[in-house]
Structures are given as C-alpha cells and as structure tokens.
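There are structures below to look over.
The two complexes that follow have chain A in common; it is paired with chain B in the first and with chain C in the second.
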Partner chain A sequence: MSATVQPLAIASGALIRAASLSWLALRQALWRIPMLLVITLVTFLILRGVPIDPVNMLMPPNASAQEIAELSHQLGLDRPVLVQYLMWLRGALSGDFGISIQTGQPVLPMVLQALPMTLQILFFGLLSGLAMGLGSGMLAFRARGSVLEPAIMSINGVMMAIPDYLWAIALIVTLGVGLQWLPFIGPIDPGLQVPNITGFLLLDCLLQGDLVAFGSALAHLFLPSLTLGLCIATPIARVLHSSLIEVYQEDYLQAARLRGLDENTLLVRHALRNAALPTISLIGVQASVVIGGTLLIETIFGLPGIGALMIRALGSFDLQTIQLLALTYAITVQLVNMLSDFTLRTLNPRLRIAP
Partner chain B sequence: MNLSSLAFSPVAEQFLAEPEWLLEADGLSVVGGPAEAPSAVLSDLSFRLAAGRTLGLVGESGAGKSMIGRVLARQLPAGFRVGGGQLRFAGEDLLSLPAERHRQSLGSRIAFIPQEPMGALNPVLTIGRQLIEHLQRLGTPAAACRERAIELLEQVCLPRPATLLGHYPFELSGGMCQRVMIAMAFAGRPQLVVSDEATTALDVSSQAHIVRLLRELQEQYATAVLFVTHDMGLATHACDDVLVLYAGQIMESGPAKSLFRRTLHPYTRALREAIPALEGPLLPLRALAGQMPGVESFAQIKGCRFAGRCEQATQVCHDGVAPLESVGPQHQVRCWNLAAASERQAQPEATAHEPGRAMSAQQSLVAKGLSKTWPGRRQGFRRAPGVAALKPLDLSIAPGEFIGIVGESGSGKSTLARLIMGLERQSTGVISLNGEMLGDSRDDWTRRIASIQMIFQDATAALNPRWRIGRLLTQSMLSQPRLHSERQARAAELAADVGLAASTLKRYPSQLSGGQRQRVNIGRSLCDTPQILVADEIVSGLDVSVQAQVMNLLLELRRQHKISLLLISHDLGVVRYLCSRVLVLHQGELVEQGETERVLAHPQHPYTRALIAAVPSLDPDAQWPPAAFPQMDVTP
Partner chain C sequence: MTALSVSLGRRTLARPGLLFGAGFLLLLTLLALAAPWLAPHDPNEQDLLNVLLPPLWATGGSLDYPLGTDALGQCVLSRLLYGARVVVIIMAIAPLGAALIGCLLALLGGYFGGWLDWLVERFVDLWLSFPAVLLALILMVALSPGVQNVILAIVFVDWARFCRVLRAEVLLLRRRSYVAASRIGGAGALGIIWRDILPGLLPTLIVLMAMEFSIAVVAESVLSFAGMSAAPQVPTWGGMIADGMGSLYSSPYPLLLPVFCMILTVLAATFLGQGLREAVDVRLLERAGAA
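What follows is the complex of A and B.
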C-alpha cells in the first residue's frame, strides 16, 4: 500500500466510526421520547388520583356549588382523566403547559426562569463531586498498602452515611455561621442587581462585566454545590478505588509495567480510563438521586431554582406546575443518562458496535 | 563465515567454550512462606544463556518456570522473595540494580511476550496508541513514531499496518494480537526476550507462525530468548537448550535435541511418555500417578522432590537431594538412580492401544443437515447477511464410539457441541436420539439431558465454588425425588468411578487440584448414566501427566458403561489417542472425516495437512516449524 493511501484509509475509517457513533446516539435519544410520554402519563394519573380538589383551593370558602362546577368545567376538570391527559398533551406539544393555579401565570416561563439556577448547582455539584471523588479514590489507591488507604476509605464510609440535607446543615453551621467564610442564603448579595439576560446568574454577571457580582454569585453557589458534590463524591471514590484494584489485576497492566512504564503513567494512561467505566455508569444510575437532591438543597439555601418551585407547588397543589416540573426533572435525568452513556461509549470502544 | 557451521568443528568449540554470557544465574533461589520456615519455589538454579540463543524452561504448572521471568521483572507474587544466589545480566548484577535503572531496562533491554495476547493489550486504547507510547518511551522522536510503528507491524507480517494502528485489540484475532506484542517486544532491539507460554493460547498454525517469527527476529538482532513452555514438542524445536524443572528444581538440562533424543531423568521420561504421539505405533500412555507437591510442602521434602511419584525411587531418594551430574556434552541430570533409569529405557512397550471404537452397529444419535447461522449485524434498516458458524453436516454416534472434532478457533467445533447438547438451536437440520426425533418440547429436553451430558472446558468455572464435591457430583439428582442416602451412595459410587478418594466428597472445589476438579466435572456428567458425553477441550488446560490420567479414565469409563464421547479438541494427539473417528472443521465447514489413523496418516484436504504439519513433533529430528505453510492467522 502506498504512503498516500494510508492516511486516507484512516481518515475514512474515523469518519465511518464517528458516523456510526452519532447514529447510535440519535437512536438512543429517540428511544427516550416514549419513556418521557409514559412518565408524563404516570404523573398525571397520580396527581389526579390524589383526593384533593384543586378547585376548592382556588375558590373562596363561601363559593357556591354552581361556581365550583363552572370553574371545574372551565379548567376541564370535569372530563374523564384520560381526556384531560390528552388535552394536556396537546397543549404541551404546542408549548402550552397550562396556567399555574397559584399565580394565574403560564407555568412554562415560571419553570424556565427557575431552571438555570438548578442547572448551575447541578453543574458545579457534578464538577466538584467528580473532582473530589476521583481525587480521593485515586489517592486512596495510590496510597495502597500504607495507613492512608484504610483511613481514606473509613472516612469515605462515614461520609457515605450522611444524607445531603445533613451536609447542608453541617456546612452552614461550620463554614457559614461558625467561620463566616461563605454566604449561605440566596443566590447573590441582596444589595447587588444583575439584569436577567441568559437566566444563568454567573453568565449574566460576566456579560455585564460585573466582577463583584460574579464573585458574590460564585460564593453563594459554593456551599450548595459542595453539598451536592459531597454526596456524589463518596460513592465515586469507593467505586473508583475498587475498580482500580480490579484493573490492576489485568494482564494489560502487567504487560505495560513490563514495558518499563512508571507507576504514574500506568495509573493515568492505562488504568484510569478502564477503571472510570464502572464509575461513569454509577453516575448515570445515580442521576435521579443527584437531581432529586437539588430539591432539598435549594430549599435549605434559599435558592430560587426548580426545587424551591416544586416545594411551593406541592404545598398549594399547583397541579400544572407539578406536572411540568416532573417532566423537567425527567428530562434532566434523561439528559444526564445520555451524557454518561455517550461518555461511556467514547471511553470504551467495545460499546460502539451497534447490536 | 557461518557460525553454525563452525560449531561442529572441535577447534571452534574451543573458541566458543567461553562465550560472553548474557544471562547468568548462579545458585538462584526464590523462597516463600514464613521467615522461620521458608520453602524454596526455586532452589539452587544455575544456568547460562548466550546472546542469540534460546533457553527453554519446561515443566508442569507449579514447577516454577514462570518464576524466573518474574525475578527478572521484579514481579514476584506477594510473599515471595529472592532467597539467595546471583543473577547477572550483561555483566550487571540484576538483583542489586537500583529500582529506577531496573525499570529503565524493562522494555528496552529485557522485553516480555505474555501468555494471553488479547488480555495483554489495553482494551480501550488503539494498537497505534499503545505502540507509539512504547516507542516514545524508548526514545523515538515523536515525528518518527508513526512511521516506525508501521515498520514494526510490517516486520511481524501484519497486513495493512497503517489501518491496523487505528484498530482496537478486540477487533483483532489472538494470533494478530500476539504479533503486535512481539512487534512491541522487539521494538527496542532488546538483548533478552522472555516468552512466557506465548503460544499456549493460540491455534497450532498460529503457534507455528509465531515461533518462526520469533526465530527470525531473534536471528536478526542476536537476541537471547528465555522460552517458557509446558509443551515438550514445542520445546524440542523452538529451543537450543532446555531446563526441565520439577517443583522448583532443575531435574535435567542440556541441548534440546540431544536431551530429548536421550531423556534420562525419570520425570522427563514420564512427561514424554504421557504425551500422546501423532505418529508411530499407538501405545497405552503411562500416566504419572499423583501430582506435584504444593509449594507449602516443599520445606518438608528432604530428598528428591520427584521421589513421591517416581517408580524407581529408593530410600536414598527420600533422604537427600541428588547433585546435578554431567552425563554428556552439557547434558546434566539430577538423579540418584541413573543406572536404573538408563536400563528401563531399553524395555519396549508391550500391548498396542485401542481408541474408542463403536461397540454396536446401531447409532444412538443421528444428526442430519445440522447447521447454525448467526443473524448479521444491523446496518441502519437493513441486516448484513448472516454469518454461517456451521455449514450443514451429518453426524452419527454409536454406543461406545469416541469421535473427535478438530479445527482452529472459529471453525465451528464448539457450535457443533452446543447444537448437539441443545444449548443452541440449529438453523437447519434434525437430531434424532435413539431413533426418535428431538424437538423443542419439555419432554424432549428431559430425554435429551438424560442421554447427553456436557463436560465443560474450564472445570474451575463449571463447579459452584460454594458446594461440596458430594453435592456437585449428584447435582442432577436435585430435581428428582430421591432420598438423601441415595444421593450419598451415588456420590460415593461416582467418586470411585472417576478415581477420587472418598474423603474428597466433603471438600470444596477450591481444595482440589486442577486434575481432580476435571474428574469431578466428568463424574458429575455421569450421574444419570448418560449414553453420550459432549466434551469441549476438557484436557487442554491440564498438565500432560494429568491429561494422560484423565484420558485413561475416559477410556475406562467407556469399557464400563459403553458411553460414547464427542470430543472437541485442538490437540490432534489427544484425538488420536481417544477417538476412532475424526471430523475436521474449517471455517464452519466439514472438510474431512474418517478413521482417525487414516486421516492423520493420509490427510486428503490441504487444511488437514496444514493442521497436522503445524503440530510440533516429539521427534527431535523432524523439521519444525514447517518451511512452506499457508498464512492463516492474520486474516481478521
């Protein structure tokens, strides 16, 4: 084969590989649509099955039966449940998710306004969780044989037993109230004003060139993200540590060592990528727990995200808001799952073969 | 002037008397266990290896042959350490070399070729990345790495090397992966290559190619090779000199050809006699009784470690270790009874051996037009055409008949076994058992498993580690309304049948040796007295002496119970010893079948001929690897 043909052959091979990879991703994304439909149906049925009449909550206590019936008819609440669902679905497909019973405003803009805050927490939570988890897992592994390893792993075990809201309280009490290092209420200093451009507070601060506001927003985000990160980090560290131990039993690691590679190269270039596979699957599986965790964290830290919105909607049986928020949570979980699937396929060539 | 022609003249021998030794071991020992009572897994090992030569380390598992490689790599298993002696590599004391210098020499001056080529390449990195990483470590400038990687792959005769760089290990066959490993090993033009069972996991034809490749590269770079193998035939042809190890001691050493032409130590001879030959008169194998003592009991053995299994052992053997005595040019033997040993060699074997022939004209199992096609991979909305794992073939088995199925991996032999057993549904064809058709119904399945039983390849994996042997042996009685006493009685019967002591019934599989586990595996399949056993490579993982025991056991069971056997094996010698009829499969197709003796002596199909030629002969004077030989292992 001539030298000019060879790079071409490789390029076309890479192209085919990329094409098949994105086709696989697309197919998996399409599969998630019926899943989401089922989720909306189930939440709809559950919400309608709860023995609470939202109309009663809307009307003054002295409203007549006729007035109640009229409002029910207006809201379509007197139709069969399945018809109601189809009505909701039709509206949803055209972007109309109904009116909040609480505020009388359309639900969608409300949720869209709150969503960026939650996504910020989620992003920084995942980031710090990954950093802490991978870091301590690798540190424990690298220190194998010394006292550091059991020490890290026992601390990890204790930390695993602490739920997210307890972390939040503990962090507020120590870093917030005790040491007064970090703010712990609200998204930003009350005195600062940042215009809403993208909805993402940090981004808006940067776009305005307001570094003071940016610093304040970042500081306010620190404790909530750390709380979420700690909950993510502990299982990651544990799984990474044990999969590293497993990977080090493999022949290819021994073979690489016999080629004279030093231990750090072995760990980073040969072991980590293989050991990361079970860890990333774990993150995908845990996505719903992590995203659910934002609900309490937002409430505790007084952040106006969708978690806080959800808590308020639940309190006032705001069915339309709950319905849309459930869908939002479901989509977010699916996205994280897709992301972890995609990462897995990128890291592990054996998963790239279409079944 | 040619060195090899010089070697025969006495003058040259004087010149070569003290060549520059590349690797020199002097009284090397490796010990394990507690410090107060250490037991030596390698004791008092001395050898020399010159540049460009191949030293074979031969022995059964547990003999300590891999330990030498591990000492070189400083990768001794936990709890073991070098107990004494010296190991010099190119004039340097390898044992006291600083860790960093030692690491630097790995991969560049000392290279290793692993046993499992598929496992030795990182599954998530491309071949190119791993090769280039190694080249960079060796100091190749980054710009030249790709070029050099392609060159290396070309050197090991891999097709389309540039495309191959972008492939992942799982996209390659075992033979191709091993070529990549060899390319890596020779990338730094090392002075010493340690090949630890490098061809064991490969097909015979791949093995021949790999050994030839190794030889060529070795000649090109004057590399010394430490060749660890359990295969005596392979050692005969692949090595210049051989050390026969038993339980960590050198029993016999010398130039390969002359040592195997005149084996003197009872152990070496027993090993040779336990290997079923491919040619010559078929004789009953003399299986070596018992098994190698475990590492933990080495400390208690005062005398010859082989004495416990030796037929000629006398009291003196149990009292002290014999010295290595020179018996010929460079030929050394460690035995007290050399005279007696030489005498026994003269005795010819008496009775001829008879493989498993049909005991009746009636057929117990008849398969017609049996085939298996796997559905093709999905490509968008279409499906690629199916892959034929097995093309239609007819097969019949008579009571007492042992039938061998041979072929390389991917030839469809395991698929055939699984179809017969019913673990896989055939795409076409019918199977009838004792004249009645076998369908998919529940009753038919019950009838099937009552008459056909499968013995799995990996006895360790096939036995539930949490069950005792007694329970494992009578596993099939679990679903039957039987009394506990009945099961116990049957377990005792089965244990006796397969030659296990009654005391093993209370043990767990992990407490048994590999050979014993395979006996349990066989005994379990006999529980419901089936007519037909389907055995997939059941002796390939065993040491030759244990392999002979298991083969003789199967023939004994045939005499007692008239069972028939469908034996899948890549080892033609094993098939010749056991089976009266043989089927040769190649890429899912039956290319040749007939009486084993006739097929092996006068193969008709070129594939059968190539397969037979690829087996390293036990005859030291035979030519191996064969000169002209089609390349079969590099087609992905």
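What follows is the complex of A and C.
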C-alpha cells in the first residue's frame, strides 16, 4: 500500500462512519412514526367501543331516522372501522382532526391553545425534579458511611411510593390551605389580564413587561411544578446514588484523588458526568409516567392545559378531542425520549459508535 | 433445601418492612371482608341533618359517626370500609391477570423467537411509550364503569411491564444447558416451557407481582379520583378524595381520612413488594453473601 492511499482510506472510513451514524439517528427518529400511527389506531379502535352513539349526540332529539342515517353516512360511520380510521388519518394529514362535540369548534386549535400550559408545567417540573433529585442523591452519597445516607435513602423510598395526585393534595392542604403561602387554583390571579401572544403565560407576561402578572403566574406554577418534580426527583436520587457508588469504583477517580483533588471537585467535576448517564436514560424511560402525571396535576390545580382538557373530553365522550389528545401525548413522550437520547449521545462518546 | 427454606423464613421475619406490609394488607383484607358487620351505617345512607361532622376525637364529634360525615352526611367510616373492598379485590386480581398475559406473551416471544418475538417486543415498546394513566382512562370510557372493568383496564395496561422483564429472562433461560439437555432428550416445546423455563421464571415473576400490588392500587385510585372507576353507588377511596376536595374549606376530615388510608395502603404494598423482592431475589442474595 502506498503512502498516499492511506490517509484517503482513513478519510473515507470516517465519512462512512459519520454517514452510518446519522443514518442510525435518522432511522431511530423515523421508527417513531409507525409507532405513533399504531398508537392512533389502538386509540381509535378502543374509542369505537364507547357505549354511546356519536350521531345521537350530534342530532337534536327529534331528528328523523333518515336524517340520522344521512349524518352517519356523511361521517362515514356506516363504513367498516378500518375505513373510518383511514378517513380520520386522511383528515389528520391535512390538519383536520374533526370537531369537538363539547364546543362545536375544530379540535386542533383547542388543543394547541391548551398545550403551552402543559409544556410549562412539564418544563418546570423536570427542572425542579432534576435539581431536587440530583441534590438529594449527591447529598446522600456525600454523607456515605454516616447515618444520614440510609436516612435520606429510606425517606426517598417512602416518598417514591406516594402517587403524584396525593402529593398535589398534600401540598395544597399544607402550603396552600394550611400556611396560605402559595396560591393553588388557576394559572394566575383572577384580577390580572394578560393578552395571549405566544400562548406561554410566563413568556406573555414578560413580553408585556408586566412583572406583577409574571410573579403571580410563577407563584401559581410553583405547587404544580413541585408536585411533578417530587415524582421525578425520587427515582433520580435513587439511580444517581447507586451509579455514583459504581463510578467511584473506577480507576480514574482514584487517580484524580491521588492528584490531590478535594472530594467536592471529584464529585461534581469528575464523577457526576459519568454517573448522570443512567439518570438521563431514566428520564427517557420515565417520560411517559411523568407526562401522564400532568393529567391529574392540571385537573387538581385548575390549570387549563391538555390534561384538564382530556379529563373534560373523557367525561363528555368527546371522541375527536380524545383522539387528538392521545396523539399529542404520544408525540410529547417521543420528543422527550429523543431529547434524552440526544443528550446521552452528546455526553457519552461510547454511544456514538454505530453498531 | 431445608436450610434454604429456614433461612428464607428467617430473612422474611428479619424484615420489618415486609412484616408491616403483609400485616397491614391482611388487616385491610379482614376489615374489607367484615365491612357489612363493622360499618355502623349503609355507605350510601345520607343524613342531611348531620353533614360534615368531625370525627370522634375532635370537638363536636359523635359516637354515631366515629369518623364523621362527608358533605352529603354519609358515614366516612362506613365508606372507608366498603371502599377497602374495591382496593382488596383490585390488589388480588389485577396483578394476576397482568402476570398471566405478560408471562404468556413473554414465553411466546422469548422462546419461539422470530417474527413473533419482534411483534411482541414492538407492542411492549408501544405500550410503555404511552402514559399508562391515559390508556387506562381511555379504556374506561369505552368500557362502562364497574370493578371488573377497572381490573380489565389495569391488566390491559400493565401486562407490558411483566412482558418486558420476563422476555429477557426467557431469552437467558432458553440458552441454559439443561434446556438443551431436555431438547436432546426429546421433550416438546410445551414440555420444556412448563418444566424447565417456567420454574426458572418464578422468582422474577413473584417480584414483579409484588411490585404490581402498589401499582394496581394507585391505578385504581387514580381512575376513581377521575370518576371513572366503579359504578357510582360503590364507594371508592379515590372517589372520596375527589369529593373531599370540594368541602376542603368547611372540613378537611372527609379528604384527609381517605388520603391517610390510601397512603398507608400504598406504603404497605410497596414495603411488601420490596421485602419480597429482597427475600426472593437470588442475585441480591448472592451479593449479600459475597459482601
């Protein structure tokens, strides 16, 4: 082999590797589309089992049999279920997700209007959950050997068992009703008016320069985010604690300690980065649980997000709304999954090698 | 063998969490069974002259209603006792159903492999990527309210959890030499699954079932809190919590008492699950022995 061929071979090898890597990422992203489709199909099939007749709910009580038959035909309800699904899908692809029987309005704008509130809760919930989980996990690890470590971990274990909606109630009873520190109903004080610009309430307050409204919205968001955060923090603390123990067995930490680094630098600058990897994949795995948690939290705190919309739609058999919201939740879960995959790949070079 | 079972018994007794969990759930079961005799009132009987009475120990409490009354004047103690029946039934049946379906699919996919395995794995992926609460709620809209439908919904949602773990276990067990020996000895697929694979799955299965107790209780309480669980005339703790939220400012007891029961039950189920897991899990055992 001559000397000029070799760099070329290396370069083309790198190119092939880069191409196969992006192909891998693309394939992972594309694979989510059929999954979303099957989720919509499963939801569609389940909702066909609803024991009420959607046509009867749309028609006035004195409608004739012929009118009912006409509307059924118009809605495609006299066709086979699979054809009905394909009709829904065709509408969905052109942005037409049907009409809500609660309001008579198209479903899509309704959902899009409610979505920012849920995303806000999700964002602040994840943020506070990460902070509390990483904090208590590191604290427990830093106190290893003392009584504090088993104490923190068993309190964590007890807290992990308590479901999200009970946390919501506990926080309302103690901090809301008992101590009256924080508001717990609605997104903002009833007297305040904020124009809808981006849909994200906090952002709109800032854009208006209305700091009073911003403070009120932030205060109203505190307890819901804390509730969601508590549910995320407990498993994070546990996983971080055990992965820190594992990371500390590795030679590179011993080497760093021998170089004379103090324990805090060791923990934060050297161990945390590696120990955080299982934590991030945990968030990816737990994404569906966390996002499901927003459902009841929104209802309890009276926040107009998609969870509250969903509970109302479920209560009034609003099938089109339920169908679109199920898809919205599924997409949100997939996005959080993609985000955690991406973060993992950025933090861990070992994952960047295509198999 | 006897030494092992003796040490298993001792390990069980040495775990206060396990004892508390098992003891509390046993007590709950007995209370639920005896509800018609223990309850001072019919759970749906409304005494509109005595609404929002405080419990016995608070000022103004009366012996007629030991734990007070809710906003409709219904006896909180009676409703808690009858609500415990739903909890116990769900805890007894839903994990069994989810285990049965999850195990069946795990064996089908894991043992036979091929396109069947691919399909099972994809469905598990799909199920775990969708919020469980949401799937159960949508299912409850399609089914009508009722305890048996709640069980159906929980089974329909939670089989995937079992299937994921058990399938991985089947894949490992299938490659063991004793399975190969059975196959060489002329055993059929069903015989191998029944005699060689299933006994090997048992420890994992017990652990998963134990963990499912608390998951099923929480799932039911979420459904009944959202008003989509048992028929309206059947009292449930989740339903009581939702009703209690409405009268929170007038009297906190109709809210706090069911919340307290719920938390105790979930903790007991969790402790039972963790305790069983530590007592049964061979890998944890080996680690403890090595240390």
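Here is the rule we use: the second predicted complex is superposed on the first by the 319 of 355 C-alpha atoms of A that agree within 3 Å, B and C clash if a C-alpha of one lies under 4 Å from a C-alpha of the other, contacts with A are read in each partner's own complex, and residues count from 1 in each chain.
As a convention for this text, contacts are C-beta pairs under 8 Å (C-beta built on N, C-alpha and C of every residue); 3 or more make two chains touch, one makes a residue touch a chain.
Owing to the predicted nature of the structure, the values given are computational and were not obtained by experimental measurement.
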| item | value |
| --- | --- |
| Touching partner for A:I185 - first (chain B), second (chain C), both, neither | neither |
| Contacts of A:L37 with chain B and chain C, given as first, second, both or neither | neither |
| First, second, both or neither for A:P349, with chain B first and chain C second | first |
| Which superposed partner A:R259 touches (first chain B, second chain C, both, neither) | first |
| Contacts of A:L89 with chain B and chain C, given as first, second, both or neither | neither |
| Partner chain in contact with A:I197 - chain B first, chain C second, else both or neither | neither |
| Which superposed partner A:A151 touches (first chain B, second chain C, both, neither) | neither |
| Residue contacts on chain A - larger count, chain B or chain C | C |
| Footprint of chain A on chain B - complex, ascending | 73, 75, 103-108, 111-112, 114-116, 119-126, 133-134, 137, 150, 160, 162-163, 165-166, 168, 170, 181, 184, 377-380 |
| Residue numbers on chain A that touch chain C, as the complex places them | 35, 38-39, 42-43, 46-51, 157-158, 160-163, 165-166, 169-170, 172-173, 177, 285, 287-289, 291-293, 295-296, 299-300, 310-311, 314-315, 317, 322, 326, 329-330, 333-334, 337 |
| Footprint of chain B on chain A - complex, ascending | 1, 6-7, 9-10, 13-14, 23, 250-252, 254-262, 269-270, 273-274, 277, 347-350, 353-355 |
| Partner chain A, residues of chain C touching it in the complex | 122, 125-126, 128-134, 137-144, 214, 218, 221-222, 225-228, 241, 245, 248-249, 252, 255-256, 259, 262-263, 266-267, 270, 274 |
